[in-house]
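Let me give you the structure first, and then I'll get to my questions.
We call the chains A, B, C, D and E, going by the order they appear; numbering starts again at 1 in every chain.
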Amino acid sequence: MSIVETIMQYIGAALILGGSVFCVIGAIGVIRLPDFYSRCHAAGVTDSAGAAGVLFGLCFMSAPLIAFKLITILAFLWLSSSVATHALVQAAYARGVRVENPRVKDWTHGQETSAKKEGEA
Amino acid sequence: MIETNSIALVFFAFLLVIGVAVTVQRNLFAASMLTGIFSLVSAALFTLMDAVDVAFTEAAVGAGFSTVLFLATLALTKDTEKPGVKRPFAATFVVLLTGGALIYGTLDMPAWGTSEAPIHAHTASYFVTHSITDIGLPNIVTSVLASYRGYDTFGELLVVFTAGTGVTLLMQRKGLFRPGALAIPPKSRAPYVREMPVVRAVAKTMLPFILLFALYVQAHGDFGPGGGFQAGVIFATGFVLYGLIWGPAKLQPIIGGRPVQGLMASGVLLYGGVGVFCLLMGYPFLDYSALTPDHPVHGQHYGIFLVELGVGITVSAVMLIIYFVFSVRPRVGRGAGELGP
Amino acid sequence: MMVFAAAMATGALHVVYAIAVGALVLTMALVLYRAVSGPTVYDRIVALNAFGTKTVLLIAALGFLYGRPEWLDLAITYVLINFVGTLAVMRFSKHGSLTREAGDDTSDSGGRDVNVATAAVPTGDNAR
Amino acid sequence: MTQAAHLWHYWLIIVLGMLGLWVVIAKRHYVKKLLGLSIFQVSVIMFYVSMGKVEGGTAPVYLPGEDGGVDLTAAYSNPLPHVLMLTAIVVGVATTALGLALVVRIREAYGTSEEDEIAAADRAEEDELHRQELAEEAL
Amino acid sequence: MTLSDHLPVLLVLTPLLGAPIVSLFRSISRPLATLLAAATAAIAWGLVQQTADGSELNYHLGGWAPPIGIEYEISMAAAWTVAVVSTLAFFSILAGCHNAAREVTEGREHLYYAAFLLCLAGLLGMATTGDAFNVFVFLEISSLSTYTLVAMGKGRRSFTAAFNYLILGTIGGTFILLGIGLAFQATGSLNIDDIAARIQDLRGSRTVLVAFGFLATGLSIKLAVFPLHQWLPGAYAESPTAVGAFLAGTATKVIYFQLIRVCVMLFGASYVFEELHFGTLLRWLSVFGMFVGSLAAVYQTSLKRLLAFSSIGQVGYLTLALSLGSELGVRAGLLHLAAHGITKCALFLVTGAIVATTGSDRLSRLAGFGKRRPLIAFAFVVGGIGLIGVPGTAGFVSKWALLRAAFESGHTIIAVLSLASSMIAVVYVWRVVEVMYLKPSVETDSADGSRPWALMVPASILLAVSIGAGLYSAPATAYASRAASTLWNRVPVAAGLPEPRPVHHDDAHDAAAEHGAHESAAPEGQAGPEEGSTP
C-alpha cells in the first residue's frame, strides 16, 4: 500500500468520523431544540454536514466507480432533502406553525392572518 | 457476527417502536408515514441478512409506492381513526395462539444462520454451485428468479397485472383517459400551480436521472441487486414525482390512457410470448435454451433479458395506472352517501 | 508509517466503519423519538425525512463494513423513495389533517372530529 | 435457554408479525387494518429471509474469483428464500392497492371507513327492507 | 414434444395469456373470453382422457427437473378437479355474457372478462402445480381477481363483502405462506413430492407440526370451514350473478383439493390422521358447519344468501369426507366436489334468472312465482332436489358415497348426523318451494328488460348433467374410485438433485467475442447480452 493511499485513508477516516459526529449532534438538536423551525435546522445539519462527511469519507476508501455512485448519492441527497425541508417549512409557515423560541421575536404572530389567508387560497 | 447481531437487534427495536407507534397513532397520515419507515428499516434489515434484492424491492415498493398509495387514499377518505378497538380479548387470544404456535414451531429449527440447516443443503446448494455454468449470471437471485423458477415470476407478473386490472375496474371513471378530461377549472388551479418554484426546478432536474437510473437497474439486474421489477417501480416513481408536483392533469397527456393499458398487457404478453416461443420450438414452456439451441447459455441470457424487460414494462405501467386512478379520484364530501360510478 | 498503514488496512478501517454505523444508528434512534413523539405533524415529517436519509448513509456504511460496496444502488433508491415519499405527504395532506395538528402543539388531535373544510377538488369536473 | 441464544431473531420477527395481525383483527378503521396487514406481511417476508441467512455468508451475488472466474468457495446466503420473497412483496403491494381501492369505494358509498359504522348502516338497511316486506304482506 | 405433451401447461396458459389479450381487444372481448373458456374446458377434458388409465402427467416448466424447477403434476384427481372447474367456468362465462352488460359499468367489460379469466387461470394453476410455492402464487392470482369480481356486484354491500373477503383471504394466504415456509425450512425443498418424501423422517419435528397447522388453518379460511366462514355469505351473495355462480361452483372446490393434497400427499395420511388425529377435529368442525350453515340458510330472507349459507353446510360435507381419513372418504370427497359444484353453480344461475325477471332475490317477492314463470321455478326445484341429495341426482351419488365411507370407517353417528343435516336442507328448499307455488301472487314482475334465457340455458344444461350423472353414475364413480386410489396409495419419492447441464467450454469466450467484451479473462457471467459493469 502506497503512502498516498494511506494518507487518503486517514483523511477518509477523519471525514467519516467527523460526519458521524455531525449526525449525532444534529440528532441531539432534533430532540432538544424548542420549536419546529429550529428542529428543521438541526435535521438539516445531519443531512448536509453529516451526509457529506460520511459519503466523502467513503469516497476516499473506494474504487472510482463506487466513488462516483457515492457522489451521485450525495448530490441527490443534498438536492432532495434540502428541497423537502424548504417545502415543508413553507407549508408549516403557511399553516401558522409558531416559532417557540422565547429569545427570538415571534414574527409569525404578526403575519398570521395573511399567512392563513394564503394557505387557504 | 456479534456486530451483525447487535445491529440487527437495534433494527428490531426500531421496528417494534414503529410498529407500536403505528398501532396507537390515530392520525392515519402519521401512521402511514410510520409504516413507510417500517418498510425502510425492514429493508435495511434485509440488507443485513444478505437479501439485497429483497431489500431493493421492499424499499421501492413498501416504503415508496405503498406509502404513496396510502397517502393518496387518505386524501380521499377520513383520515383519523375513532378510538377503541373491536373485541380486544378475542383478538389478543387469536394473536397469542398464532404467535405461540409459531414460536413452538421454531423450537425445532436449526439455530439462526447455521450453514448446516436443511434449507441450505438441498436445492439451494445446487443453485449456488451450478447456476454459473447453467445460466452464467453473477447474480444467483436473478438466475433462480428468471430461469429456474421463471414460472413463479410469470405468476408474480400476473399478480401485478391482476392488481392493475382490478384497481382500474374499481376506480376508473368513464372517459378518464380522453384528452382534456381533466382540464382544471381556473378556480382550483391553486394546489399545483402554487407549488414552490424551488421544488419544481429541482424535481425537473432530477426526473431524467431517475428514469436513467431505472434503466440502469433494469439492465444491471443480472450483475447485482435489481431487475425488471425494481426498475419498473422506480420508472413509475419518476412519473409519480411528476404527477405529485404538476398534478394528474399534466400527467395524463404524457402517459395517455389506452397506451398505458396496452403496455400493461404487452409486458405480460412479452414474457408469455417468450415462453410460447420456446414451446413452439419444441422445448418446455420458458426453457430459454430454445432461443439459441446451439448455445443454451446464450439462450438463457437472451431469455432472461427479454422476460425482465416484460416484467419492467408491465410493472411500471401498472404502478402508473394505479397511482393515476387514485390521484384523479375526486374527494367526496363528508358523510355523502352517494354511490360511485 | 507502513505499520500504521497495515493496521489501517485490516483492523482500524473496520473500526472506523463500525463507529460510523454506530453513530448513524444512534442518530436514527434519536430522530425516531422525535418522529414518534411529534408534537406537530411537521415535526414528524422532518424527523422521518431525516430518518430516511440516515438509512441511506447507513446502507452505504454497511456496504463498506461487510466488504460489498457495490450495494450502493440500493442507497440511491432509498434517496429517491425518501424524496418522493416526503413530497407525497405534503401533496396529499394539502387538504388533510396537517392543518389540524398545527393549531395545537401539545397533543395529537387524533380522535378529535374536526371538520375538514371540503377544499376545492383539484380535478373538479371529471367527477361527473 | 440455550435455544434463546440461537432463535431470538425468529422470535422478534414473530412478535412483530403478531403486532400487525392484532391491528388487522382488532382495529376498526379499514385503512388501519391494511396498515396492519402490510406489517404482518413484511414480518413474514422477514421470517423467510432470515431463514436464508448463512452465518459469515455474503449476498448471493458471486464474488470475483482468483482466476478471473467466480469464487465458488465463498459462503453465500441462500438465494431461494429471496426469490420467493420478491414474489411475496409483489403480492403484498397488489393486495394493498386493491384493498385501498375498495376502501375508497366504500368511503364513497357509505361516507365512512369505520367497520362498525358500516355494519350499522347495513343492518339499518336490512331492517328497513324487512319492515317494508312486512308492511306489504299485511296489505 | 408434440402439442399434446404440452397440454398441462396449455391448460393454464390459455386463460392466463388470454386475459391480457382480452383486455386489449375491448370490442370483441365477450366472444373471445367465451372462446378461451371453451378451449380451456376442452383441454381439461383432454387431460382427463390422458390420465384416465391412472397415469400421471409431469411437465417440467423451464426445462428444469423437479426439485430445482417447477413441475406440473396432473394426477387423475387433479384432472377431475380442473375438468369440473373449467367446465363450470365456461358455463358461468356463457351466462355472464348476457349479464355483464348490465352489472358492470359500461366500457369496462373487457377488464371484467380479463379478471374472470385470471381467476380461472389461478384456480387451474393451483390444482395442477406440483410446487408448493407455486400454489401460493396462483392462489393469490385467483384471490385478487376474486376480490375484484365480488366488488362488481350491484349494491354498495358488494364493496364491504369484497373487503372483508380481502382481509380474511389475505390472512389465510399469509398463513399458507408461513406453512410453506416452515415445511421448506424443515426439508429444503419446495416440490410437493420431494417435501412429502423428506418429511417422513421428520415426523416428530415441531416445525413440521406447526407447518401443517398453518397450512391447514390457512386453507380452512379460504375454504370457509365452519368457524372461519364469515367471508363466504357476503362474497357469494353480493357478487354479480355469473361471478357468484362461478365462485360457488369452483373456488372452494379447488381449495378443497389443496386440502386433500396437504393431508394425503404432502404430510402423508398416516401422519395427519393417525398421529395427529386431525380427522377427529375436522370431523366435528364439519358436523358443526353442516348444521350451522343449513340452519342459517333456513332463516335467510334472500335467495342468494340462502344458497350461500347452504354452501357453508356443503363445505361441511366435503371436509367430513376428508376427515374420515380413508380412500373411500377421498373418493366421496371428489364426487361431492363435482356434484355440489354443478348443482350450486346451476342454482346460482337460476337465481340470476329469477332476479332478472322479478328484479330482486328477496324471498317475499317470489310469491306465486311458480305460476308466473313455471319453467324457472321448476329449474330451481330440480336444483334444490339435487342439493338435498334425492336419489336420481348427482347429489345423491356423492352423499351415498359419503355415507358408505362413514359406515365403513365405523363412524355411524357421523353418518346419522349428516343425514339429519340433509333433512334441514329439505326445510330450506321447501321454504322456497312453498313461497313460489303455494303463496298467492301479489304483484306482477317488475320487468327490467332483461331476458332470463341467457342464464337459463347454461343452468338447464348443468341441471341435466346433474340428473344424468345421478341416473347413470357408473363412469363418474369408477373414475373417482380410481383417482382416489392413485392419490391414496401414492408413495412419494425424494427427488435427487439433477445433473447440471453440460457446460459449453467455449461459451464464455464465444460470448466475449460476439459481444465485444474486452476482458478475455472475464468470469463467464459477464458475457451477457448487455455488457457487465461489475466492479
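The rule is simple: contacts are C-beta pairs under 8 Å (C-beta built on N, C-alpha and C of every residue); 3 or more make two chains touch, one makes a residue touch a chain.
All values derive from a computational prediction rather than experimental measurement.
> So which chains count as neighbours of both chain B and chain D?
The shared contacts of chain B and chain D, listed by label, come to C, E.
> Among the chains here, which has the CA centroid at the largest distance from chain C's centroid?
Most remote chain from chain C, centroid-wise, comes out as E.
> Any idea which two chains share the most contacting C-beta pairs?
Among the chain pairs, B-D has the highest number of C-beta contacts.
> Averaging over Cα atoms per chain, report the distance between chain A and chain C in Å.
Averaging C-alpha atoms per chain gives centres 11 Å apart.
> Where the CA atoms of chain D average out and where those of chain E average out, how many Å apart are those spots?
24
> Could you work out how far the Cα centre of chain B sits from that of chain E, in whole Å?
Spacing between the chain centres: roughly 28 Å.
> Measure off the straight-line distance from the CA centroid of chain B to the CA centroid of chain C, and report it in whole Å.
About 19 Å, centre to centre.
> Residues of chain C that contact two or more other chains, please.
28, 45, 70-71, 73, 76, 80, 82-83, 87, 98, in rising order.
> Going through chain A residue by residue, note those that touch at least 2 other chains and give them in order.
Chain A, residues with two or more chain partners: 66, 76, 80, 83, 87.
> Two or more other chains in contact with one residue: find those residues in chain B.
Within chain B, the residues that touch at least two other chains are 28, 52, 72, 74, 81-82, 102, 106-107, 109, 117, 119-120, 123-124, 127, 129, 132, 138, 149, 152, 155-156, 159, 162-163, 166, 170, 190, 199, 203, 206, 220, 223-225, 334, 339.
> Residue numbers of chain D touching chain E in their complex, please.
Interface residues on chain D, with respect to chain E: 21, 24, 30, 33, 37, 40-41, 44, 47-48, 51, 62, 64-65, 67-70, 80-81, 84, 87-88, 91, 94-95, 98-99, 102-103, 105-106, 109-110, 118, 122, 129-130, 133, 136-137.
> Going by the contact rule set out above, which residues of chain C touch chain B in the complex?
Residues 18, 21, 25, 28-29, 32, 35-36, 38, 41, 44-45, 48, 51-52, 55, 58-59, 62, 65, 70-71, 73-74, 76-78, 80-85, 87-89, 91-98, 101, 108-113, 115-116, 118, 120-127.
> Residues of chain B touching chain E in their complex?
101-102, 104-109, 117-127, 129-130, 132-134, 136-138, 147-152, 155-156, 158-159, 161-163, 165-166, 168-170, 172, 174, 219-220, 222-224, 261-262, 264-266, 268-269, 272, 275-276, 279, 282-289, 295-298, 301-302, 305, 339, 341
> Quick one: which bits of chain C touch chain A in the complex? Just the residue numbers, please.
Residue positions touching the partner: 1-2, 4-6, 8-9, 12-13, 16-17, 19-20, 22-24, 26-28, 30-31, 33-34, 40, 42-43, 45-47, 49-50, 53-54, 56-57, 60-61, 64, 69-70, 72-73, 75-76, 79-80, 82-83, 86-87, 90, 98-99, 102-103, 105, 119.
> Which residues, counting only chain A, touch chain B once they are in their complex?
For chain A paired with chain B, touching residues are 76, 79-80, 83, 86-87, 90, 121.
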